[in-house]
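Next up: the structures, one after another.
Next come two complexes built around chain A: one with chain B, the other with chain C.
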Partner chain A sequence: MTSERRSKTLTAVLMITPFVITYLTVFAYPVYKMFALSFTNAPLIGEGEWVGFDNYLKLLNQKLFLTSVWNTGYFVVLTVIPNTLIGLGLALMVVRLRGWLQSLILVLFFLPYILPVSVVTQIWEWVLDQQFGIAQNVIEFFTGRRISVFRDPLWAMPMVALVTIWWTNGFNLLLFIAGLRNIPADYYEAAMLDGATRWQCFKRITWPLIWPVTALVLTLQLILQLKIFDQVYLMTEGGPFNSTYVLLQLVYREAFRLNHGGIGSAVAVFLFLIIVTVSVLQYQLLRVRGR
Partner chain B sequence: MSGIKLTGVSKSFGAVKVIHGVDIEIGQGEFAVFVGPSGCGKSTLLRMIAGLEETTGGEIRIDAEDVTHKEPSKRGVAMVFQSYALYPHLSVFDNMAFSLSIARRPKAEIETKVKAAAEILRLTDYLESKPSQLSGGQRQRVAIGRAIVREPRVFLFDEPLSNLDAELRVKMRMEIARLHRQIGATMVYVTHDQVEAMTLADRIVVLKAGVVQQTGAPLELYRNPDNMFVAGFIGSPGMNFLKARVVPGSGDRLTIELHDAPGVPFEIPARAGLAAGQEIFIGVRPEHITLGEREGGVGLAVTAEFIEELGGTGYLHALTTTGEEMTIECRGEDRPQPKQTVRLTLAPEEMFAFAGSGERLR
Partner chain C sequence: MQRKSVGNILLLLLTLCVACMWAFPLYWAAVTSMKPEQEVISKTTFIPDVFNFSAYYFALFETNLATWYVNSLVTSITVTVVVILISVMCAYALSQIVFAGRRLLYGIILASFMVPSQALVVSQFVLMYRFGLINSWGGIILPQLIVPVVVIVYKQFFDSVPKELREAAKLDGCGDFQILFRLYLPLNWGITTALAIITYIMAWNAFLWPFLVTNSEEMMTVTVGITQVDDAFGVKYARDMAVAILAAMPVALAYLLFQKRVTQALMLSSGIKG
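After this line comes the complex of A and B, so read on.
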């Protein structure tokens, strides 16, 4: 019996070893290193000297850091809730379709999600191009003029958010569709017999029952959007006038452009802590509300 | 007449017709059971009465009011679903109060009605529980409670007991019968279980492939089936069918001989008039066959296959000489052994005759 148990344990250890080694070398150690570096004045490559909380204090006095925090928050506000609501709204419509038509529409909405970010930003740079972009007709209709959206501090961030929503919404749609399909048709039939209107059905059945999926989508979105970098880097490079400068971009600038490994790590640690705190807090809050 | 009246009701899904011109009248306060094998259209018919399925042709009246194309909520019907359809995020109270709160009834009224229904169904202690905390039988009662609270003209039950275990099913059957006596509303109940139909119904509607085979009181269907399908479906275990041939006779009654007992002509309770030599079927219920040879009956030798033992009674499954399967009820201590040849006596008075097409010969 004991030898059997020992051999089972040995098998288990053997099977998880590859994962543990990989995890330690490519995740745990770099994370530890990032924390450690943030308390030194290290350059990008090589060790530095211990400087305590100097890097963090420097950041707090750096205007670009505060701008980046603000802009990242602004981007999260522009994307997380709208992206979730749009996903839910589309799912509610798509789920009413049947058979091949539903599959087709689903594929069309999911298609942007599989595109690489460079292609997505290229498409939208054309669509929003001041001279030839098709979207300029819409902008002109509402504002009376054509706007170079990525050069206008008022327009740049909302446009980056729009592109992000278009790019990532298919995935949310898919999660919501799965959630909606899990709600038995009987619930709606019983409500129909009770005389519930479509809005009452949504409010009293769909919304509470889809809530766990909504909470999940909101949390995933929050984590994803706090890490905004690629779209900004490719479309505006943080401009105009730093109006789209975000935290990850600051990490990139400090570490790779200015050779400040220590400060770069400090920004990364700051972002890491924000993501952990906010997402854990949010998920807990949403779960409690769900109950 | 009030109650429910279906006239020439039909239903097609695309080119497939599933209900073929059904005419049924269910009296006020009656307990009607739609019974039939799966796929016979009984649930579809119930959903058409509820308004959850569009009616393709014909007319549905409830309390003389034409509801054929009315919204489900405007028909005055409440339905208990097979899955119970309880909202998992709402308490028992809120589930039962759902229809009233949708209709924005005053709080006091909701509370009175829900509590009264909970009293009837012995759910008072569970009003704050969530459906997931209840047993199958309790959930079933909540589903019924949700219907009661609405005070509908008609209760519809769609195979409400099929998710329960056998013991609970018997208990709930009695509960539903009690409920019907207590509130006296018209109830329509769908099941594939003929025992449920027999025990609950005032009136049974037997359906097969979207066509009503026979309508009547349980014992009427048992004693006087219109065709082989009803004869075989009603009664448990099912009726035995044996091949027989018409032989020349002298009286007003049909004279036949069984393929399994050639040369033994006897008269059965059906009018004479069929040509000699015509092939027909004879139906005998397992409970109308006696073991051993008796005076005045028709003797038959069968080979015992196995015994289904229930304690007080047992069911002998046997094969006749021509290879027909038979089930025979054995009472008392007497139990044949497998492979043993068993002599049986069939009483001609208890026999039913059916034409080759399955129609009853009377």
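After this line comes the complex of A and C, so read on.
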């Protein structure tokens, strides 16, 4: 019996080894190293000295850090709830359709989601180009002038948010459609027989029953949008006047541009802790719901 | 009833309008890419006066797009194959074999799901530098190999395979590796396709890490490389759009061919059974 048990353990070890070694090397060690570096004054490449909490204190006094925290929060506000509600709205429209028409419309809404971020930003830079962009006609109609949206501190962040919503909404849409399909049709039939209006149906049946999905989408969105970097970097590079500078970009700037590996890691730790906290809360939320 | 059906038609029209508006930027990009640069900036035409493919010619032969394609294909296919292989073995062991530390390992993998990989870029860069992998395929690939959710999904699927199957195979003298690759993997072929496609799309689309780890144009992936085109040649929108469309083609095709699988994989990885 013992030899069988030993061979079992051996097989298990053989099977988990490739994953575990990779995990330890490119995942666990970097997590440890991120914390370790954040307490040193190391450059990007090379050793540094232990400086305790100096990096964190420096950050608290750094204006750009506070700006980045603020902007990241602003971006989250501009995207999370609107993106969730738009996803629900579109799902309510798409779910009424049938057959090939539904598939087609779904593809139209979903396609942006699978595009690489740089493709998305290139397309929108063209659409929003101040001189020749076709969307400038809309902007001109409402404001009376053509606006270089990514060079205007007032417009830059909302526009980045708009592009982000266009890009990522397909995913929310899918989750909502799955959720809506799980609501039994008899509920609506019964309500219709009692003479309920569309709005009453939505308020009394759809909204409460879809709420778990809504909560899931909200938290997934929150986690995703806190990690904003790519779109901002590609469309505004954090400008104008740092009005779109975000946390992950500060990591990039400190570590890779200014060669401050230590401070860059400290910002990374900050972001890491926020996201892990949100994730743990989400996990608890899902568990409570699962019961 | 009359009022209802009018309402339905209006809703249908509204849906169509919104969908067309949503997809318009994609259409506009496609149309722009097929115009001569002169027409792009001189007038607004929704269908080109003349179809002109010089922008594509430029994108294919006068940029490094071909090189970036090779880099992207090599790195994202390697990432996909390796992620699936190491995850499926790990998940099988977690699901089917009793060994010391199994619960702990699964707990750690579940927890890793929450770690934002973007926060690790500094230390991963330092590590890749030590390995001498900056500006190399290996450097692009390695940090993308840990995708906890693939292990989690596989484990859930293996858990639901009837135990009798494995016992019968054992009696026939099959080892666990054989059982995994001859029995469990083919049984779950659908989910493997789904996870592979979504991993491939994510790897192709990865921006931040490949952007940090490559600085010579010859080593860039498509997603990073195309941002260099306008820097080098000034703003020419037909060209930009042709480049963008060519860059998106491999993932757009993967999605259009395997829509159901992509949807399934996304549902599973967000915790909804598809």
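The criterion applied here is as follows: the second predicted complex is superposed on the first by the 259 of 291 C-alpha atoms of A that agree within 3 Å, B and C clash if a C-alpha of one lies under 4 Å from a C-alpha of the other, contacts with A are read in each partner's own complex, and residues count from 1 in each chain.
As a working rule, a contact is a pair of C-beta atoms (placed from the backbone, for glycine too) under 8 Å apart; a residue touches a chain by one contact, two chains touch by 3 or more.
The shown structure was predicted, so the numbers you read here are calculated from the model rather than taken from an experiment.
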A:Pro208 touches, of chain B and chain C: first, second, both or neither? first
Which of chain B and chain C A:Leu60 touches, first, second, both or neither: neither
Chain C versus chain B, contacts on chain A by residue: C
Chain B versus chain C as contact partner of A:Gly195, first or second or both or neither: first
First (chain B), second (chain C), both or neither touched by A:Leu281: neither
Partner chain(s) touched by A:Tyr187 [first = chain B, second = chain C, both, neither]: first
List of chain C residues in touch with chain A within their complex: 7-8, 11-12, 14-16, 18-20, 22-23, 25-26, 28-29, 32, 40-41, 44, 85-87, 89-90, 92-94, 97-100, 102, 105, 112-116, 118-127, 129, 142-143, 145-146, 151, 175-177, 180, 201, 204-205, 207-208, 212, 222-224, 226-227, 230, 237, 240-241, 243-245, 247-248, 251-252, 254-256, 259, 262-263, 266-267, 270-272, 274
Residue numbers on chain A that touch chain C, as the complex places them: 8-9, 11-16, 18-20, 22-23, 25-27, 29-31, 33-34, 37, 44-45, 90, 93-94, 96-97, 103, 105, 107-112, 114-119, 122-127, 129, 131-132, 134, 166, 171, 174-175, 178-179, 198, 213, 216, 220, 223, 226-227, 229-230, 234, 248, 251-252, 255-256, 261, 264-265, 268-269, 271-272, 275-276, 279-280, 283, 286
Chain A residues within the chain B interface of the complex: 184, 186-187, 189-196, 200, 204-205, 208-209
Residues of chain B defined as touching chain A within the complex: 50-52, 71-74, 77-79, 81, 83, 85, 87-89, 98-99, 102-103, 146, 150
